[in-house]
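Residue numbering begins at 1 within each chain, and the chains themselves are lettered A, B, C, D, E, F, G and H in the order written.
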Amino acid sequence: MANQEIIFAGFGGQGILSMGKFLAYAGLEENLNVSWFPSYGPEMRGGTSNCSVILSDEPVGSPLVVDATTVVVMNRPSLDKFESHVVKGGLLIIDSDLVNREPERTDIEIIKIPAQKIAEEVGSKKIANMVLLGALVEKTKIVKMESLLKALKEHGKEQFYELNKRALERGAEFGR
Amino acid sequence: MADKVLMKGNEAIGEAAIHAGCQCFFGYPITPQTEVAAYMSRRMPKVGRVFLQAESEVAAINMVYGAAGAGVRVMTSSSSPGISLKAEGISYIAGAELPCVIINIVRGGPGLGGIQPAQSDYFQATKGGGHGDYRLVVFAPASVQEMVDLVQDAFDVADKYRNPVMVMGDGMLGQMMEPVEFKERPKKELPEKTWAANGLKGREKHNIINSLFLKPEELEAHNNKLQEKYREIEKNEVRYELYNCDEEMDLVIVSYGTLSRICKNAIKMLKKEGINVGLIRPITLWPYPVEAFDKVIDKTKNGFISVEMSCGQMLEDVQLAVNGRKPVHFYGRSGGMVPTPAEIANKIKGIVGGAK
Amino acid sequence: MGKVTFREERCKGCGLCIEVCPVKIIEFDEKLNTKGYHPATVKGDNMQKCIACASCARICPDVVIKVEK
Amino acid sequence: MTVVFDRPKALLDVPTHYCPGCTHGVIHRLVAEVIDELGILDKTIGVAPVGCSVLAYDYFACDMYEAAHGRAPAVATGIKRAVPDSVVFTYQGDGDLAAIGTAEIVHAAARGEKITTIFVNNAIYGMTGGQMAPTTLPGQVTETSPYGRDVKTAGYPIRVSEMISTLDGAVYVERVSVDSVPNIIKAKKAIKKAFEIQLQGLGFSLVEVLSICPTNWGLSPNESVKWLRDNMIPYYPLGVKKDATTGEVK
Amino acid sequence: MADKVLMKGNEAIGEAAIHAGCQCFFGYPITPQTEVAAYMSRRMPKVGRVFLQAESEVAAINMVYGAAGAGVRVMTSSSSPGISLKAEGISYIAGAELPCVIINIVRGGPGLGGIQPAQSDYFQATKGGGHGDYRLVVFAPASVQEMVDLVQDAFDVADKYRNPVMVMGDGMLGQMMEPVEFKERPKKELPEKTWAANGLKGREKHNIINSLFLKPEELEAHNNKLQEKYREIEKNEVRYELYNCDEEMDLVIVSYGTLSRICKNAIKMLKKEGINVGLIRPITLWPYPVEAFDKVIDKTKNGFISVEMSCGQMLEDVQLAVNGRKPVHFYGRSGGMVPTPAEIANKIKGIVGGAK
Amino acid sequence: MTVVFDRPKALLDVPTHYCPGCTHGVIHRLVAEVIDELGILDKTIGVAPVGCSVLAYDYFACDMYEAAHGRAPAVATGIKRAVPDSVVFTYQGDGDLAAIGTAEIVHAAARGEKITTIFVNNAIYGMTGGQMAPTTLPGQVTETSPYGRDVKTAGYPIRVSEMISTLDGAVYVERVSVDSVPNIIKAKKAIKKAFEIQLQGLGFSLVEVLSICPTNWGLSPNESVKWLRDNMIPYYPLGVKKDATTGEVK
Amino acid sequence: MANQEIIFAGFGGQGILSMGKFLAYAGLEENLNVSWFPSYGPEMRGGTSNCSVILSDEPVGSPLVVDATTVVVMNRPSLDKFESHVVKGGLLIIDSDLVNREPERTDIEIIKIPAQKIAEEVGSKKIANMVLLGALVEKTKIVKMESLLKALKEHGKEQFYELNKRALERGAEFGR
Amino acid sequence: MGKVTFREERCKGCGLCIEVCPVKIIEFDEKLNTKGYHPATVKGDNMQKCIACASCARICPDVVIKVEK
């Protein structure tokens, strides 16, 4: 049974919402049931941002993920807030360039990626989100990388496609 | 699935309305439904139709009254406090028998409350927030796809009965993205709007859009006519879903909207523990699907549980439908708290007495 | 000669004070504060140039700055 | 013999419910005459308020609406947006327009909504039996200002035309009166101009008409027109307040 | 009776409020309650208190919010469409837990409807016309004297629970004159209003009048607190009258307000024909007097009949109270039509099968 | 060393939720400074609106209310009438005051209500994410005017101060800006004067403050103050619009 | 059993509402249950006016009188409207100076009074209502004349008391 | 020379026309119309004085008067 309930979290402007959207599109591509749900409200303003993404064989219940199979965090407050939300045996992906503390959980799998550095190597810090997403997809196999690339091609900006693709690939290495 | 697109609930509402031929949209921003207006402001001018941001919800609903009276399809959208402000206008629209579609993407109340998802406007929607004896048809979709379908149906139902139709979702449904498809829809036979006040254009007698009847005899006759219409709607327009209700059940959940999906997950969890629970999902909150209860009442051991994101509002309709024949329980969260399947399952175990 | 004190953890790094300082002595710190912003600061000897005009404090939306002379 | 004066066609041939001498009747007739003269009966849509003129929908021959109290400008906006080639007017009292409906009239004007508002200022709530209106004069005794309007607690009358004239979307604003035959003739001219502004698609037009309420003023009709002349006109000076077609703002 | 005076219902409301220490009145004219404002405009300045005619019902209810938050006794009054406009404000007041008294002298609806007596705002009053989970205490007096007593009680109940109280009458009650007496009332022990935001005056922490709770956890906690309060009110504040309910009955009428008096006359008529009919008269519409039904349920042969000047609104509460134990019938007129005793008696004969 | 500038006491020592650079913060501080300087903290009661400044009740040290969207002037009226010796101010955004709350502000002004309104005009609905406000400039792109505000369909911006100045009950009306230090100093003076008018029991006072919304304008704070200067001030000229204490109406 | 359900009807300005009120006060004086209920609404304006008055041993039900024991009419439209409302055997009192047609009912008692003329003789046409009221009280005996006079004294204008009293007395002659 | 015709049953006897007639020829009839008002009228030879100015008709709120010449 394919089922991933994911929380992406970080600062506004880091591409948190769009990494979730691309993953949802990839799931749609593979005929999974998908949902994407952003945090909303005043706390968004300038502050943190997060979204819940579900990809599943089964119909999606609540689009709001509370018990996440995977959590991706791109800043310290998000780690503080969401570390406890990972289910036992679940996955936590951390941008280690931005998060300056170690996670406390020992009952989950943790992948730390210097995503800023890698993204900069690829071409722009702005695509650090794609590095993390690459790792997630590779690790969870929730969708095929081709599906994700197709989603990027169809719903992302043309001119960033190649860059994004490379970022995903670099990230995928961490998911193996 | 090539023809499916991922869409935010709020945007899907807008696109569905455009598909349904909505000619005018009048709105006022409020979280969590602001994207409806934003979407309409982008799209309506492109398709040669009217988007107007009103100065308030009060103005918006009265603009709807104006446009609906002129015979065009028209929609407005708001969230809880904004809907309260529309109460007088909605009562006028119902009284003047004008068709229109009203969206309520509910947030936590009362007062300014909060902006997170809730279902605490159930009373307001189904028992008439405004004054006088009137009814809204109330649709409660559970997914973005169903939102798209019901918004389009709403326009048809409104025109068919000359009655306002409310489509009510919670903040989750407005904000989430899900795949949707805009299906080819068979053309409905609908009555011509010969009553519309859109200029004589050669017509002999002027048309009047009005809800005033100074003589009690006339106002009563008008009310009787409305009541007959409501009975007709109750006969024709009830919609609901029965889920996992075929066999003997330990309990039947009654739940609508996004929350019903969470209940389904709870049902799956319970099944694994050998507890069989069914679900009645009202799709029309008014007319309320009383017949659904009759269908399952003999199959449920412990009766029913109304599960709500409010403090027991639909509960009364459940009790009315059950009418003492079986026990009725309640589980609710409020203020934007969304129950988890586990929580619901736990509550149910407490009622049915754990696994069998 | 003036002295400005920044309540660093309150600073949102908006840069308004930097722009209005007539003697251009305010700059962003390299380090981030706990809110994730690079806070405004006056470094080293620059403070000597401060004329205690309080322009920075007056335009600061977050009452970060205390001015003395 | 030639007919010098007869009933306009746009006014249905039915008795009205207005009190003896109430100039609502005169204002109705003027609007109807203008509709006739402009030949726009077929495309005119009127919006009646809540107030003594609530039943205006039974009197005008064009298509009509009855709007919620104060909301006629919003209703008219809905109509005009839905049927852009129509001519839409609202007919509103001072309680309706200047109290509960303040936001709606200000915003219809600010939007430059292509509608025409006939604003009947009789310094009182007629329909409900003579309560204080936003336009009630200082010291004026009404049901809810039994000791005379005390500006210290009940505030000052609003000069609606002057207020609306500050809005860029308002193209034509004039205050007239129907207390005398010459003024009635001027009032009709203003109403005609206001409709023409709309026909030309220029924006929002409003004619404020000072009117009498003998019943609630407790005066005879002839005393009432005198009271209007002596008390209302000094406070509400007549004339064009704004004419954007000439650039005039007074 | 030297100490009785003839008073119009609407004026009696005003005088009762003044007796109860009402410091501020904010209103807006509307038939058939305009005399409340007119009376207050005459009397309040004389007793050094505040009368203010607001620019609208919306403004009036928000002025009430302001004055109530400052800790003074305050009242507003309107009729059906005006009450609809207050829906948002009432929800805020309930959310911020402010005590105040709201009068609704109901007229026929929906929309502009008519101005004659009706009871068609029952739903609006009892199920919360505004958004969110909140409740008003709703008093329904049947005579001018009871109006006077209940208006005064309303202020006490409001202060006791920090909750808005609505007193609902129909146009008849507002317009009619009856003898009334302003009785000496024992002073109630009421909690001090330490929460009032009326200036620090040396207080350390500022007081905040507010209904916003952005965190769902906090909003839910607030709602839970409100619900607890409502349960408390349900326990303490139910009021009703049982009339002719001591013996075995052919049927029990449920009816409130002026209409209940007409029902009493119908009961007398029927008695002459050998038909024994009782009456439950809810005095509080919320909390609804469910216990009254328990008291009579075993004594009624043909169950209950809800008699209303509306199209079956209280009917639902009757059904909920009876919960299937006995049949529930309905008789209603609307639009300002006032049933006669004969009419009601006839309907009842149809149900119980004529004289015995 | 002497302190030249420090936090006013009437502003609680808590961080605000405002975006970086948002001048709501500046305006809050100015109001607090004035309260301090006038020594009226003990009797001041503030009314927060619905808008970005909804949480102002957590920031001011005086007693506070949170009013329904647009209704702050009505709430303030209720407070002032109930506690006549208090000093009551409303703090409102342009959506709150100039859209949904139009009737309430006009009538509070017309009544000469002895309250002070701080009106923060940032030409946008900040709180809900950047929709068009009644004060949005022609051509300005917002969430609900994605192709730029088209005055033909969305109407013209309202100059609130000019409109309010037409009302006899409005005693003092001034438009100021917080885009620069000199303007901030002027803004404070205006706010102080407005409070003083109230303390003297003269009637209604309003200060319109042009303010920035970097987040929804999509500009940096420093770009924003420039945009305000170059675009808003020409449309909304600064200065005293009305001062009945000197008889001045501009 | 004392019970009178009365409709007073005429033009606005004829004192319709106040004659009802005085009668109600007289009833109150005698410890009867009383109610007074005016027609209200826009039809009042300049047009007709009427009120329902009930005096009874029993508690009053609906204050709106539909089946009247007595109807008093002071103009033609009121006769047209309310003639049918008199119960069989009931009483109809007509100001014959103002009503220019004969009533049609034959199953009721009818008193015609040239009330305008008599009132003018007494002192003013304005007190024609009192003439009619005098007849009503004398005929029905629903209250004692003293009670009515007491009501007039306590709730009427001082300066009209003597005039009113004489009008009542003149009217009473028609009720004998 | 003009002629005015009164639609008597519509007249509410307000008297506005009487006041504005420049030649003062309009007066109230003694008889009541069906509405109970003394309707305005021009009696006998007075009609000769009518100048057909239509002032009466213009101020009449009830469109009672038709003017011809």
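As a working rule, contacts are C-beta pairs under 8 Å (C-beta built on N, C-alpha and C of every residue); 3 or more make two chains touch, one makes a residue touch a chain.
Predicted model, so just to flag it, every value in this text is computed and none were measured.
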Least hop count linking chain D to chain E through chains in contact: 1
Path length in steps (a step moves to a chain that is touched) from chain F to chain H: 2
Separation of mean Cα positions, chain B and chain A [Å, integer]: 34
Chain centre separation in whole Å, for chain H relative to chain D (CA means): 26
Distance from chain F to chain D - Cα centre to Cα centre, in angstrom: 33
Centre-of-Cα separation between chain E and chain A, whole angstrom: 55
Residue numbers of chain H (touch at least two other chains): 12
Residues of chain E touching at least two other chains: 31, 52, 55-56, 58, 81, 88, 92, 96, 111-112, 115-116, 210-212, 214
Where chain F touches two or more other chains, by residue: 19-20, 54, 66, 68, 99-100, 102-103, 106-107, 127, 134, 154
Residues of chain E defined as touching chain G within the complex: 1, 4, 6, 31-32, 115-116, 171-172, 175-179, 258, 261-262, 264-265, 268, 338, 340-341
Chain E residues within the chain D interface of the complex: 28-31, 34, 37-38, 41-42, 45, 51-53, 55-58, 81, 111-112
Touch list for chain F against partner chain B, complex: 50, 54, 66, 68-70, 95, 99-100, 102, 125, 127-129, 131-132, 134, 143-147, 153-154
Contact footprint of chain E on chain G as seen in their complex: 21, 24-25, 28, 31, 34-38, 40-42, 58-64, 66-67
Contact footprint of chain D on chain B as seen in their complex: 23-24, 26, 50, 52, 54-56, 58-60, 62-72, 74, 88-89, 92, 96, 197-202, 206-212
